[in-house]
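Note that the chains take the letters A, B, C, D, E and F in the order they are written out, and that residue 1 is the start of every chain.
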Amino acid sequence: MTHTPDIKRPSRALVEALGTIGSATAAGELNLMGIRDTQIRGPVAHSKGRSIAGPALTLQFMPKREDIYGASEYDDPEKQLHRHVLYHAQAGDVVVVDARGDMASGVFGEMMLTYFAGRGGAGVVIDGCIRDSAEAFKLDLGYWIRGVTPNYHTQTNIIPFAVNVPIACGNALVFPGDIIIADDDGAVVVPIAKAEELLERASQHVEWEEFSKLRLSQGADLRKYYPLSPEAQGEYETWRAAQKHRR
Amino acid sequence: MTHTPDIKRPSRALVEALGTIGSATAAGELNLMGIRDTQIRGPVAHSKGRSIAGPALTLQFMPKREDIYGASEYDDPEKQLHRHVLYHAQAGDVVVVDARGDMASGVFGEMMLTYFAGRGGAGVVIDGCIRDSAEAFKLDLGYWIRGVTPNYHTQTNIIPFAVNVPIACGNALVFPGDIIIADDDGAVVVPIAKAEELLERASQHVEWEEFSKLRLSQGADLRKYYPLSPEAQGEYETWRAAQKHRR
Amino acid sequence: MTHTPDIKRPSRALVEALGTIGSATAAGELNLMGIRDTQIRGPVAHSKGRSIAGPALTLQFMPKREDIYGASEYDDPEKQLHRHVLYHAQAGDVVVVDARGDMASGVFGEMMLTYFAGRGGAGVVIDGCIRDSAEAFKLDLGYWIRGVTPNYHTQTNIIPFAVNVPIACGNALVFPGDIIIADDDGAVVVPIAKAEELLERASQHVEWEEFSKLRLSQGADLRKYYPLSPEAQGEYETWRAAQKHRR
Amino acid sequence: MTHTPDIKRPSRALVEALGTIGSATAAGELNLMGIRDTQIRGPVAHSKGRSIAGPALTLQFMPKREDIYGASEYDDPEKQLHRHVLYHAQAGDVVVVDARGDMASGVFGEMMLTYFAGRGGAGVVIDGCIRDSAEAFKLDLGYWIRGVTPNYHTQTNIIPFAVNVPIACGNALVFPGDIIIADDDGAVVVPIAKAEELLERASQHVEWEEFSKLRLSQGADLRKYYPLSPEAQGEYETWRAAQKHRR
Amino acid sequence: MTHTPDIKRPSRALVEALGTIGSATAAGELNLMGIRDTQIRGPVAHSKGRSIAGPALTLQFMPKREDIYGASEYDDPEKQLHRHVLYHAQAGDVVVVDARGDMASGVFGEMMLTYFAGRGGAGVVIDGCIRDSAEAFKLDLGYWIRGVTPNYHTQTNIIPFAVNVPIACGNALVFPGDIIIADDDGAVVVPIAKAEELLERASQHVEWEEFSKLRLSQGADLRKYYPLSPEAQGEYETWRAAQKHRR
Amino acid sequence: MTHTPDIKRPSRALVEALGTIGSATAAGELNLMGIRDTQIRGPVAHSKGRSIAGPALTLQFMPKREDIYGASEYDDPEKQLHRHVLYHAQAGDVVVVDARGDMASGVFGEMMLTYFAGRGGAGVVIDGCIRDSAEAFKLDLGYWIRGVTPNYHTQTNIIPFAVNVPIACGNALVFPGDIIIADDDGAVVVPIAKAEELLERASQHVEWEEFSKLRLSQGADLRKYYPLSPEAQGEYETWRAAQKHRR
């Protein structure tokens, strides 16, 4: 019988905290921490407005070779590895799939995604497609995918090959158990060993940004308000005091 | 005068029945029937939520060659072949265009599409673009296209060349009179000679799928409910009986 | 200190008049005036329903070279040229960016775009991406872009290099001060020296088009109504008279 | 039995004369005659040093559809249309193939190409690949192809579909019987109706070019010698006289 | 210390026999045996005229992530996995590399390739580049690569990640120990379990092909000689008898 | 009259010294000096065996716009900017062209290249094509180009726009006067301000490399000889002494 490893999950507190910083802050800070580019490029948000963070379950597809994966594979569902990655699903998990950018293979369909949503999954990041998209997009899941297709997962070019191994998704190397942060700007991989440091850096809140944004929206001078110039410091402090008073 | 052939249309009953199965079932069953890949890849749904089936009228574009298609062509609208494919339009027809993937040519604009909608056309599948998209998308038509452009159809790279001939659209070979099934997952070509068999196969309804989906959405075990295991058979039958009672 | 040139703006009346003709008419007429292809291809409308016209401020990115643009660049915001193009922003302006089609660089983020909106900017046309898109799309701006990314503007492959110089954006040559017309079909560059002639040509209103469109939507014969045939002339005149009466 | 049409061939004299002008002159002059771009782009010279001209036999491939072209097709070689285009081959002919840019299909192999060479064929222009390339390149044929592959012609994505019909090869529209001029710079399609005019234009020999090239190779001033300036006219005439004397 | 597994090598006799059949026969026969497409597409022959067969040592690259592979990696050469795949090299081996199609990374340079040649390696198949190509091409090795670059292997986008694991190279799935057949037409993967059957099929020599090729090269009728028609059978037998006599 | 600036050339000694280090050493050392990727990617060596270094004259093409560059442009050759970059040519110079990757435009033809060779030019690096390639490749010039075409430079998509301005060629930013090092591995841009440091680093000759290469070619252990291990130090010194003796 097929056995696939589970992942080690970080503390719920860490994941939830990372869920508040957004992909843009994550990508920028990780870059300043020395990792040039952590965006999982290719998959784009198909569930606009969702912002998630969660540990990565990984699924690797390979080019199809009929001597390895034949029609008979379907006789025993347990041999289908795209099911196995879902067997590990826990609430908040993110399934990340190296589908080789293939536009002719629907990695998951309605039944698999319904199951994943039922398990409390947070979302999927697929360098490829899903199928049954009309139904899938009604589920309570986030989708970062290349597109959709009517084709099933092994219909043409690729086959599921390994679960919870390091994968390449888009241009990014993702280890099982790394944390994914994803929102409308895209999906970013946070190496698990960097997660605490990222959180710490992202928490150094620039308090004056809200004030600056207000002023900019009013047509004020970019040079004066972003970054906040010494000249605008007093004005900011007055505003902040008023804000506190108002609350 | 230019004369172009009409197509032979299948029975209305057949087309309507095929309209209920969806592109994913069509693509999957046709694959199991021996046709590897019937998705018309490239064009994607721009009219989300629509699901259509209809016979294909076809239009073939070719690379522009100014000795064949000059400015004077415009003096006589009857010479413009993209009009001719629409002359054949009947209620429920689908216009399928090999526009060579060109992103700089608007195959149809508002006037042509208004006419097609007025004739009861079901939709267009274009390996290329339309123009006047803001107005076009208000019409009662389905759109599976690569994108939109302000350019007119022969402005840059391509010219309409033949009507109701076999064409390549995306990666698919489409004969005039084949049936197109299209929805949010994409567009699929059903060879007319395979239409009856496809319908029959698609009609073998898997009755337990609705039950399984319910259980999966409740977080139940994928192995137990999809496919339905012997272990869950009794539970399913009880549920089905209750369902019937409820109606 | 960095100094960048401003642009010469056309009369407000001219720009506003051009704002009514739409990108499709602009592209088609400019083609008939001898400029084969004026679409800025690549960037697509991400702010559906908006239709703008405005003079182009231009920003050119170049491939990143660390000896030219290093980490220290950030110490002095005034050295960041993507800020400088915004310093010139006036109400109705359009910022056009040659971002080299790069999908890994967010040319502008929320703060920059908030400032641009605060100055009354009409929109941005970027052969590349923005970041902070969820917030950006709430601003009163039009977006013609390739996509979105969490990455910041100089994070990976490109650096801002020049402001208000001639640039290539998509396949189009744009001079600072040219007029951009953009809507759901895409963005078109109007050479400033051709703007008056374009406007004149576009104003030759084909009065019968509204009538023809109505008839086409009712399923009437394309040959009879588009273009309007002599046979339909009387019917059209009757309709027009009735229309005037109704008003 | 399959029957495919032959082509009408131009006079041998015309073809031979065109064989002397080269693809660069052909493309340039045809452009000045109003046909913007006649290069068959994609196929490149794999038989360096050859320069040919000849009438086009055409072969069109289409996306593979197993209901149209099955394994049984091989039982009767006469059904294989890539053979039929060769049945028409006469000395000096050029076979032009729309192979859809496919890199996974070897349109012709050693046996077919040996036959074509045996019939006196001049060369092949294929928007795709051949196989058995080591042997094929030893034949007395010109090759303008995208590449080579071990795969046979219908192994993966495409099937031969029609012979001596108008085709798109690369970005060019080619009619059966058009003349192909091909050399190291690439392949150009000469519309048969333009062939005489092209020849006439190309024959207006610029006699001074040889002289200018000599001077440029000696490091002389480009402005003075190309195009030949009035200042250099006398020098040229002296040179020409000396040349004639020398012969 | 880093340890990587070796491969199980097939009998020398098997490999040598496969070395005589060529990639075209291998690809075609494997297709008829049910494996649709075994070409490793992307890498092309840079060592024209070589024809090899040998067991695959595999090397997998992954997208670069600076937290995994930093500058310090170079302090200990033993951590560099592209060296380790070569440690396993035996005479006749073929190194197959998934370099992710990257054109900015030179997977091996002169020193590594000199070592591999020194060990008797047969060749490399790389979905990417080598560097030091002028020197490398002088070595007694076969090269199937995408191109060349001055960049070193981890300079930009990728890092070596695993040795002798299943990899995707081009569009093909390659297991360590599979047999590679490569020549001017390209490289083909022979699944080790299919090698004997392939050899047997390829050995069913079609004796008349040589005769047919001769006749075709003389301008004879394709229909009569390929495949050999009953009509030509007598002629063939006469020719064969004469051939034997001649020897 | 059109005037374009010349470049400032480095000392001949510097250029010649850089000409000996090769593109691979240059790219690698510049990377270690902090410039990630200096390869001009896209153009590849078409003049195998040549190795050059020289200061860059630059030429920028822009997308064609017929209101800027019309047919009449040809009436006055002096308006053609691709001529002007050559007017500056001195012995050893390298012309670097941003031709926007266009495959349908022959940036230079035989006459221009003959002139450049006549002036002692070292080579051209073009992110695009040349024409008249059969004649061009006979000249004493190095070619790093994408390909060849029969089309002339402004025939289709692009026009020459500026001379000796900073350009993007492939993925690299090149300033006029930077030094280009190019050989069979490709072309690398050396920022002029980094040239001295690069030379110094490249000159730190690793004396044992020649010895190691010899041993590796004899099948010796990679771990022992590359890098040279302490274990092999004595053997190396013996070899070196013998070498000196031999000379």
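The working rule: contacts are C-beta pairs under 8 Å (C-beta built on N, C-alpha and C of every residue); 3 or more make two chains touch, one makes a residue touch a chain.
Not measured: the values here are computed from a predicted model.
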Problem set entry | Required steps from chain B to chain E (each step between touching chains, minimum) | 2
Problem set entry | Neighbouring chains common to chain D and chain E, by label | F
For this session: Could you see whether A-C or C-F has the larger number of C-beta contact pairs?
Result: A-C
Seminar exercise, completed: Looking at Cα centroids only, farthest away from chain A lies chain D
For this session: Just grab the chain with the largest centre-to-centre distance to chain B, centres being mean Cα coordinates.
Result: F
Problem set entry | Self-contact between copies chain A and chain E, residue sets same or different by half | same
Problem set entry | Interchain centroid distance [CA atoms averaged], chain A/chain F, Å | 41
Problem set entry | Centre-to-centre distance between chain D and chain B (centres being mean Cα positions), rounded to whole Å | 38
For this session: Could you put a whole-Å number on the gap between the CA centroids of chain D and chain F?
Result: 32
Exercise. Chain E: which residues touch two or more other chains?
Worked result: 36
For this session: Let me know each pair of chains that touch one another.
Result: A-B, A-C, A-E, B-C, B-D, C-F, D-E, D-F, E-F
Exercise. What part of chain D is in contact with chain F in the complex they form?
Worked result: 22-24, 26-28, 31, 36-37, 39, 41, 44, 48-49, 51, 183-186, 188, 209, 212-213, 216-220, 222-223, 226-227
Exercise. Which residues of chain D touch chain B in their complex?
Worked result: 34-36, 38, 62-68, 70, 100, 157, 161, 166, 168, 171-173, 191, 193-194
Seminar exercise, completed: chain A residues touching chain B in their complex are 77-78, 83, 86-87, 103-104, 106, 109-112, 114-115, 117-120, 131-134, 147-152, 155-156
